[in-house]
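Next up, some structures in structure tokens.
Both of the next two complexes hold subunit A, though its partner changes from subunit B to subunit C.
Then we have the complex of A and B:
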């Protein structure tokens, strides 16, 4: 019983760490550009399919190391171009927030069925990054889980450092705080918007590569991922990075415990109930600013 | 757009729809399309009222539609309530559920409302498929397969005889459309617009945001639920497939083609979209792909929908502003 609970906690921690990576990307893009991205889950699947394509049919040398090496620039370019082509033209008009939601929802449907058309409707599995287990007494840890945890936490620390210590990172924060003021002091606002969107694409894409090894790549699963990432962001407070960190781990744990105790079918209901209750009590989320 | 012109456009549309069965009444395929156009036109109009006029980013329109359909189906199958009463009760039930969903949305800012309403949509799927839904009679993942047709004074309006059902739908559609048109042009509609433009200023003028926002949730969800119920008794079977994303996208294309907040436009959007959707049926799994791409392209290039286009190209309209 005790060891079962420890297993559940570990699984919650690992899921939570990857969710945190994804949710931080989402909260960043909302905090800076105020664009509500409904296609986020499809970007997650893009990561999974990208890795699958490089590893299985292409057979890239170097395994996951080279996948990450190729994936980061590719995702950046994809995200940058999508923002430039699809979202920035909408920004000129005052009802653009609603239009962005509709557009990204359409984009998400397009991408999901695009994956189905290209890769077929069946789910795909990615090979594990690393084999083997680590045994601590009765608790068994998979090496893969440890690597996933380290990579996603490392990714977040690295991202936090970039945000606080580089000129671009500080420019991103400035735009988030006051877009007009940032423009006055000469920060290229449009570039920052596109770059933020691209960075969030990288984060969710990497999340997809990491978590798809544990689960499967399901062309129709993107809505669930999108909802999960959004619930974390809203629960933690949109635009608050530390809030979404806490929220991601709370949600990862909740999911693991509900799934273990009541069954997987209740996970989504529990998640959404949590969201509704939080938003009723605290409309801005856990750590959201007024 | 003035109330007169709005009613004129709608009258023209429904007159044309009304005489259609004289020409195509024998072809079940086309009659089915016409019935679906009528139903979707009202559902899309409701969405336009809540999103375009009241400015609430509700993404739960399909959810309310399905709630109405399931409510009426469960009432008539499990409790043997005559379909006519079941449909009315479904309208009341979805109206109440709409208020329930609207309550947490009152305090929330734009995108959060979209998230909460969309979350309601997403929760419905596991709820209806799972043991909770089966307990109230949703039939699990199989759905409800034997929904009785509407029976009025001994006459059954079923999908066997499409022409009588068509006129029944037309009658209900005209009533609901007129209700919506008058709401938009009445004091309520002005209050919705004022709240959308500036909530603080509207409140300072004595417009209660609480009352009008809940009201718009109640009205739109109740009418949507009513037509969902009608649909359920029309097709005779229901499953959670109705909650899939492509149904949502079809609705979204309607409102984008019609123009958000350009009221009678969505009716035109419904005609175009339902027709395109039927024409795309042969391409099978590529249909949602094309639908998704259509949303992206239309949102980018068709800013104000067909009404916007008409206003742009008619010189008279430009002068009138």
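Then we have the complex of A and C:
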């Protein structure tokens, strides 16, 4: 029983770490632009399919190391162009935040049906990054899970460092905290909006590469990921990065315990219950501002 | 130095600024006043590139019409807002350094930012979180961040709003210092006529986006059109 619970906690931590990596990107976009990217789940799938293409049909030398090396700049460009080509023209109109939500919702459906058309309706699986297990007494850890956890936490640490120590990171923080104040100090808001979309696309794409190894790549599975990211963002507090981090690990744990104790069919119900209860009792979430 | 030529801004049917022309000379303290909704802040938003408009605005001989806000800040025009706009998770020092890092020609200048922190009187609060500052402190910080961009013109939007007599005195001294010691041209929107008459050399009065009068403060405050539309008889009698 005790070892089962330890397994559940470990599973919750691993999933929570990847959720955190993904949700922080969505929170960042909301915090900076005040618009919600409903295509986020589809960009998660983009990560999975991108890795699958490079590893299986292309057979890229260097395995996952090469995949990450190629993926980061590609995802950056995709996110940047998404903002510049599709989002930026909308920002000239009134009520543009709502228009962005409608556009990204449409984009999500377009991408999902596109995946289905290109890769077929059947799920695909990614090979594990690393084989083997680590036995600590009666607790058995997969090397793959350990690597996923390390990469997710490492990704967040890198993100935090970039946010606090680079020119662009400081500008992103400034625009998120006070767009008018950012104007006073001459920060180019258009570039920061595009950079924010680019960074968030990297984060969710990497999340897709990491987590798709444990689950599968499902062309219509983006809704499930979108719901998780949405719940984490609302539960943590819209726009609060630290809130999203806490919320991601809490959601990871909740899913692991509900799945273990009640069955996987109840996981999504528990997730959405968390969202509804949060929005009813504390609409600003764990750490959101009024 | 700054010339607005036949500037008009419409929001749908509403004409917020109507064929407005004025010139701010180098080294001046230039005041803008008028009733609420007269279009004063809209004029600021036009100069700083937040809205598109008809007409033309030139700065140092360069046409800045249509430039985005960060390019205008980089060109040497800085502004503040009526409600202090701060970065709540940053310290005073980091907030002011942001101005130097992004707005200033030549990039981050630590020596300059340290001077600015001292100049606006926030040395003892430099490592303090900005959200802990009082109202006057937040206003000084906003001015400091704007000064860190090394502007040639500083545009202040109702810097006295919500301040008590002591704070108004302190802010007026700071504005004079910025103009006289740093040689920065000031444009100021303000409702306190005493502040404007003491600080400014030229005063522009607008109503419904249209210029009513533009002259020396003593002439403007005696103009019957200004008394009728903005100052009221009580002000004229109290003079």
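The criterion applied here is as follows: the second predicted complex is superposed on the first by the 289 of 290 C-alpha atoms of A that agree within 3 Å, B and C clash if a C-alpha of one lies under 4 Å from a C-alpha of the other, contacts with A are read in each partner's own complex, and residues count from 1 in each chain.
The definition used in the following text is that a residue touches a chain if its C-beta (ideal position, glycine included) is under 8 Å from a C-beta of that chain, and two chains touch if they have at least 3 such contacts.
Model, not experiment: these values are computed from the prediction.
Q: Kindly say whether there is room for both subunit B and subunit C on subunit A in the superposition, answering fit or clash.
A: Fit.
Q: Should A:113 be classified as contacting the first partner (subunit B), the second (subunit C), both, or neither?
A: first
Q: After lining up the shared chain so the two structures overlap, which partner does A:230 touch, if you call subunit B first and subunit C second: first, second, both or neither?
A: first
Q: Considering only touches as defined above, state whether A:283 meets subunit B (first), subunit C (second), both or neither.
A: The first partner, subunit B, only.
Q: Once chain A of both complexes is superposed, is A:4 in touch with subunit B (first), subunit C (second), both, or neither?
A: The answer is neither, since A:4 touches no partner chain.
Q: Report for A:180: first if it touches subunit B alone, second if subunit C alone, otherwise both or neither.
A: A:180 contacts subunit C only, not subunit B.
Q: Give the label of whichever partner, subunit B or subunit C, reaches more residues of subunit A.
A: Partner with more touched residues of subunit A: B.
Q: In the overlay, answer first, second, both or neither for which of subunit B and subunit C A:171 touches.
A: In the superposed model, A:171 contacts subunit C only, not subunit B.
Q: Kindly classify A:189 by the partners it touches after superposition: subunit B alone (first), subunit C alone (second), both, or neither?
A: second
Q: Can you give the closest approach of subunit B to subunit C, taken over C-alpha atoms and in whole Å, for the superposition?
A: Here the least C-alpha separation of subunit B and subunit C stands at 9 Å.
Q: Once the two structures are superposed, pull the subunit A residues common to the subunit B and subunit C interfaces.
A: none
Q: Contact residues on subunit A for subunit B in the complex?
A: My answer: residues 30, 36, 86, 89-90, 93, 95, 97-99, 101-103, 105-114, 116-117, 121, 223-224, 227, 230-231, 234, 238, 265-266, 268-269, 272, 275-276, 279-280, 283.
Q: Looking at the complex, which residues from subunit A come into contact with subunit C?
A: 167, 170-171, 173-174, 177-178, 180-181, 183-190
Q: Sort out for me which residues of subunit B touch subunit A in the complex.
A: On the subunit B side, the touching residues are 51, 57, 59, 103-104, 107-112, 114-116, 118-120, 122-123, 126-127, 129-132, 245-246, 248-249, 252, 256, 260, 285-286, 288-289, 291-296, 299-300, 303.
Q: Quick check: in the complex, which residue numbers of subunit C touch subunit A?
A: 48, 50, 68-70, 73-74, 78-81, 85-90, 94-95, 98-99, 101-104, 142, 145-146, 148-149
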